[in-house]
Amino acid sequence: MSSPAADPRDPAAAVPPPELLAQRFRHVRARSARLAAPLSPEDAMVQSMDDASPAKWHLAHTTWFFERFVLAADPGYPPLHPDWDYLFNSYYQSIGPMHARPRRGLLSRPGLAQVRDYRTEIDARIDRRLAGGGLGREALQRLELGLQHEQQHQELLLTDIKHGLWCNPLRPAYRDDLPERRGGADTPLRWIAAGERIAAIGAPAWPDAGGFAFDNESPRHRVLVPAHALASRPVSNAEYRGFVEDGGYREVGLWLSDGWTRAQAEGWQRPLYWHDDLRHAFTLGGVRELDPHAPVCHLSYYEADAYARWAGARLPTEAEWELATAARPVAGHFADDDGLEPQAPCVDAAAAMDDGFAQLYGDVWEWTASAYSAYPGFRALPGSLGEYNGKFMCGQWVLRGGSCATPRDHMRASYRNFFPPQARWQFAGLRLARDA
Amino acid sequence: MSSPAADPRDPAAAVPPPELLAQRFRHVRARSARLAAPLSPEDAMVQSMDDASPAKWHLAHTTWFFERFVLAADPGYPPLHPDWDYLFNSYYQSIGPMHARPRRGLLSRPGLAQVRDYRTEIDARIDRRLAGGGLGREALQRLELGLQHEQQHQELLLTDIKHGLWCNPLRPAYRDDLPERRGGADTPLRWIAAGERIAAIGAPAWPDAGGFAFDNESPRHRVLVPAHALASRPVSNAEYRGFVEDGGYREVGLWLSDGWTRAQAEGWQRPLYWHDDLRHAFTLGGVRELDPHAPVCHLSYYEADAYARWAGARLPTEAEWELATAARPVAGHFADDDGLEPQAPCVDAAAAMDDGFAQLYGDVWEWTASAYSAYPGFRALPGSLGEYNGKFMCGQWVLRGGSCATPRDHMRASYRNFFPPQARWQFAGLRLARDA
Amino acid sequence: MSSPAADPRDPAAAVPPPELLAQRFRHVRARSARLAAPLSPEDAMVQSMDDASPAKWHLAHTTWFFERFVLAADPGYPPLHPDWDYLFNSYYQSIGPMHARPRRGLLSRPGLAQVRDYRTEIDARIDRRLAGGGLGREALQRLELGLQHEQQHQELLLTDIKHGLWCNPLRPAYRDDLPERRGGADTPLRWIAAGERIAAIGAPAWPDAGGFAFDNESPRHRVLVPAHALASRPVSNAEYRGFVEDGGYREVGLWLSDGWTRAQAEGWQRPLYWHDDLRHAFTLGGVRELDPHAPVCHLSYYEADAYARWAGARLPTEAEWELATAARPVAGHFADDDGLEPQAPCVDAAAAMDDGFAQLYGDVWEWTASAYSAYPGFRALPGSLGEYNGKFMCGQWVLRGGSCATPRDHMRASYRNFFPPQARWQFAGLRLARDA
Amino acid sequence: MSSPAADPRDPAAAVPPPELLAQRFRHVRARSARLAAPLSPEDAMVQSMDDASPAKWHLAHTTWFFERFVLAADPGYPPLHPDWDYLFNSYYQSIGPMHARPRRGLLSRPGLAQVRDYRTEIDARIDRRLAGGGLGREALQRLELGLQHEQQHQELLLTDIKHGLWCNPLRPAYRDDLPERRGGADTPLRWIAAGERIAAIGAPAWPDAGGFAFDNESPRHRVLVPAHALASRPVSNAEYRGFVEDGGYREVGLWLSDGWTRAQAEGWQRPLYWHDDLRHAFTLGGVRELDPHAPVCHLSYYEADAYARWAGARLPTEAEWELATAARPVAGHFADDDGLEPQAPCVDAAAAMDDGFAQLYGDVWEWTASAYSAYPGFRALPGSLGEYNGKFMCGQWVLRGGSCATPRDHMRASYRNFFPPQARWQFAGLRLARDA
């Protein structure tokens, strides 16, 4: 089979060859299993808030996604567990009604073992279909989408279980074998200026053209980016501690109105997971000392925005951020590095960069000043999969760059993550920007 | 060792001999383990509403009760898991702060296996103390209280897991081996009259006198019971179905004001667990056909009261109920019979009774017209254990007689169960009464 | 004018002669107008919480009651404003749907002037019917009920406007001309004992027998009242201050479980309307110095109960209270005295009593230990008026004796007021009791 | 009278001469009084939801704004009612604490008459200061800001009282003399295309340059507007009725996720104020027949967005909208026309336009696809007035063009109104757009 055509208009371009896809399928699926391995059946059932899901649910839902959108595209396909459609459909209203999200944690059945069996069986069916050439181009595209989807849930599995374990007064660790990386040097923050320009951002609309991208990243389009400057690296724990100690959480003038209301109602005094000594925090490895030079994380948009205002700066727009990544390779501290906590920048690496930017990718998602909305010319995927992204374009903000919990090969310059402004349980921090 | 003194004023009366207590301790503790045996670790973690607790929590809390109130009464006692105090204290504010009740279902750790180990270890310690004679009279009394307490939680474990499994759209059974008992005959309801009289109800205050009774059952005291009549048996499923079919849930005039508001807000149309065909219901054995002659259950006070009004009757007071039990032995369908669902009355048995009453004990708790409050002369137990019952004497109603989920030897004529009027997940039904 | 028949079985007994009724009608109706006179149109529209109603609504609803239940009993009667039925029906579900209670404060129309016109016109119609002999016995009974009903709303008008004005940060007075009565002497609290006895409490069922009583006061029936002692007078401001200063609001062991939860959630630290200096309080005359010897008021049941526990006592049952009133005349500080704030007991008066009780009537409603429920043999009034009292017999507590905001001729020994345990805006205090 | 300096860098440019300002002050202030004239004291107190304010509060708050920001800028200024600061501060946290917004409707005092007196007195003080030349440039600028502020509240007064009166089951009219304008012709909707271009939008930052603009309209800046087409006129009632009749409110696929949730929770089936016959609606003149050709209004963003999706189109961005206005004069149906309800387009007027656009200004605010956020280079006003706009830049959407309730001289091409997506009580409709 020939390699993907170079012509971006060739729809085949959007589908890797089946052998590669099969390999990638096994790789991604195995990683989910690995992520869940440290969890007891009880751990895998915890749902600590409406926005989070149990690990078991993540394992089942991602599998259901392949069964429903790849295997069941064949009209004669008999579902393995017809009544699981209701349980593991997340939000595809056009497919049918679904179990209420806040009640996912009540599903003791199917048990974790049964869900693992379900994964094994669906994996085998997909494998057979892949091996037998039984999947047409559209099914292969959905398989690719399913893998990207599963990678998103891999990150959510980590952020959700982190929150779930933190809610337990015993503060148990997800894993006891996570390395404690400290000792990063203090890297001075520099400002990197860019003049006004017209730039193209976003990705060509997959699968009609180009490599994989979610529909919300498309089309690639021209924007006018005004003159501005970006910080060379994200805000660090030490810097953020300065904000806290300066009374940032008590100074109403620094906050968005909704942010202040929320912070008062929920008693925010520091980032989620920080102890009140401002020196320790809960991590997936248990309570650890904070590395002052690592990027601050577990901030809401409101906190990131208030910090920026305190610092006399602002958050970058997503266009400014995307411009900064230019043709830069996707490098940084990702989930693949198995640290699962943001790290201080690698000094040498940053210095070696032509432009001086550090940590654009990995470590922490960077809140941007861009509300999550449609790019000009946006078209949702057809059918039920069109519910994937477009219907959430209201009331959320874009984050860029991936985190220490994101798989590296899931990331790209045009990637748009989005969360509501009060969300704190993601690995989200910030990079400062300012007008030129 | 001599048997308990006959003189009710002898404080020793309230404590059985240690050998008997040890035997009973092992028996009660083993039953809890047996009740939890059909549950997976996931099942044991389900908390489907604020009022319910996970089975695992019941197992741990009842154990903690023995550790805290029996073993730790010895000031030198080192707790097995000091940080579990916070997790498994239910509502003893005088002991210290506690984990929020609605968040018990988030505690994946300690796992079910660890909780079982905890039970084993505390059992061993109690056994050793009992065998070694190391428990004084007060500790032995607390041990007795702890056993009564555990029996209460045994019933709650069943009602809570029933609700939890019902919340799962798969409607899984707690046990697949529960017998399906049907075919009871239609027993005509008769009215049994009683003239005005002064009666003594309640129990002598334990442990100062008499056998075990909770503090809220005491003191034994005189009341004037007016002339009245009680129904010979509880209201049956068939009778209650008549109420539903007659539009009972749509007729505002039958309902207490708060009950109507609640019924509308929650969309009540039939008893909890009934299907809309009014012929099937969810049970601990899965979905089953309703036995028309079995007592209706899973009613709130509001529904019981509305039914009585529809039937031109009223609920009995607790004094009327207690009077009816007279010197009758505690007999009926209890948890010991392993049916775990109310059954039709045994015709012969009822007929054989002198007074014609059937099912006063067992099958279903009977809502009474008595608000749960203090008997004249009520004195709560001293210390933290005084929080056991007295502080709930507001906004709840008394239920009498025990249910198919109650251990038989936990029941007695003076027993006062209490729940708020909206509670539906207990095995609660009703018996009619009317003024003479 | 002949007096009512002496034979209590004569139904005519329950209806005063029309001339007397007409006089009383004018008197009661005029008093409502007088109570509303100090209010601006804006004041009369304030609804400060769901449980309270605007003064304008009280004025209209009481009038609607006469129109609907007296005038419109004549099937040919044309309602004055047919669409006001929806607005001014309070809770008579059997009459039809009604405006939502929490939204009464939104009704700017009809305006206060229109409501006054409505009163004038309905008064005239009633007068004409009374003068013309056009009202039959049942209508006359409903007229009597309507007057009792209006007197209840007269008290509510005062308690509601007090709360409404207190919610205004300017703390404006309802009236500037209220006398400031202080200087009462410290009357020592004595205990007055009563042995066990069988007593008759309640009232014969009106209108079939006897003078007016609400259905919930009937039937008169026998109860066994155990030996007990009652305090000679209500708890005073000074005594209650002692409770506050002793940390009563911080000591969980003194509180009912629901009460503690409520107190924490709402930040209770002292009686409603007290300043934090514990020396001043908001009154209908504005902020005033507290009279240490006057009865404490604006307590919830929870606070009254906690105080009693702190004092080593309990609340009296309603039977104990009613027994204490014996054949005592209804005397005390009532609304007729135009103080509208509880006063210190009149020393001489109390001393002059044979039995030593002071302030059983008037000043403050006394919370009792009796949950509000049906007397044995209770029968609600027939028809829609049956919704008046019976449907609220759940979750509330009985208060006895009337207050400084109650009209004197509205009170009687058998009168049962009832409020939920969290209610604080009524003139409610407590008298201590204890077991003998 | 000399005209403002032509040089936009001259700070004086931003301040009209005092005589003009005085005249304008009287004019604007008198209009508020006129708007409130039809309201009774009761009407002026209605607050029907948290987001709305009583008319009386609008009258007082706008006056307080002048007193606080203009008069009290003089440090020796004695406030007229020092304790009103707390009542009538809206959301200026840096000035001090304030009365809770949802409780503004409880303020019966000060009464409407007192508030009118307050207006009179402050007007006189301002007049005196203006006449005496006692206001410096900054004070004059704040006066100008205060007038713009009052004009905003004039529109809110109308939308709030409309909602308040609609909440009354009697559905009373605000004014009985409003003309019923119907009979507009059906104007076909045309698409007007625009190629990609770089355009300048926004306004120079007042008061440093140019005429008045709120801080959120600045700076004027360049944006790249992609090729697109805009509808020639807003969506009409008849067109929107087609959406309703086609099941638009039942088709989940048309809705944003949050919008669907909200619509279900609140039972939306048609625009706010429409009757279920889809032919009548509540207006400020009472219930009226809908003009099918008039722009639909009282839509939430969610409804506007769903309609656009149903129509195969989208909402315009604010840049697209602003570009369409080009140098067009601010003409249309405004509050000055005293219709207070959107009207059908004037056919001739639209035809006469070069570009064919109708009703860009007036009639209905047009929801845009632009989330409300900061323009590049945005700087909030200094001091407390910086809280005016910037702190709300989260979770809201921009609306453009003004409505039938907006004063004409308050509108300009760069004006950015903003509301949360669920807001329905503003005169908000939509114009369709599509990608080229």
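For reference, chains read A, B, C and D in written order, and residue numbers begin at 1 within each chain.
The definition used in the following text is that contacts are C-beta pairs under 8 Å (C-beta built on N, C-alpha and C of every residue); 3 or more make two chains touch, one makes a residue touch a chain.
A quick map from chain label to UniProt name: A, B, C, D = Ergothioneine biosynthesis protein EgtB.
Just so it is clear, the model here is predicted, and its values are computed rather than measured.
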Any chain touching subunit A and subunit D at once appears in the list none
Hopping along touching chains only, can you work out the least number of steps from subunit B to subunit D?
2
Suppose chain centres are the mean of their C-alpha atoms. Which chain sits farthest from subunit A?
C
Here the gap between subunit A and subunit B, centre to centre from mean Cα coordinates and rounded to Å, is 48
Distance between subunit B and subunit C based on Cα centroids, please, to the nearest Å.
38
So, in whole Å, the Cα centroid of subunit A is separated from that of subunit C by 61
Residues of subunit A whose C-beta touches two or more other chains
none
Quick check of your reading of the touch definition: is the inter-chain graph here a line, ring, star, complete or other?
ring
Touching pairs of chains in this structure are A-B, A-D, B-C, C-D
Quick one: in the complex, what on subunit D touches subunit C?
40-48, 56, 83, 86-87, 99, 103, 105-112, 164-165, 167-170, 172
Touching residues on subunit A, where the partner in the complex is subunit D:
91, 93-94, 196, 198, 221-224, 226, 228, 252-253, 255-260, 301-302, 305, 314, 317, 369-371, 373-374, 376-377, 386-387, 391-395, 421, 435
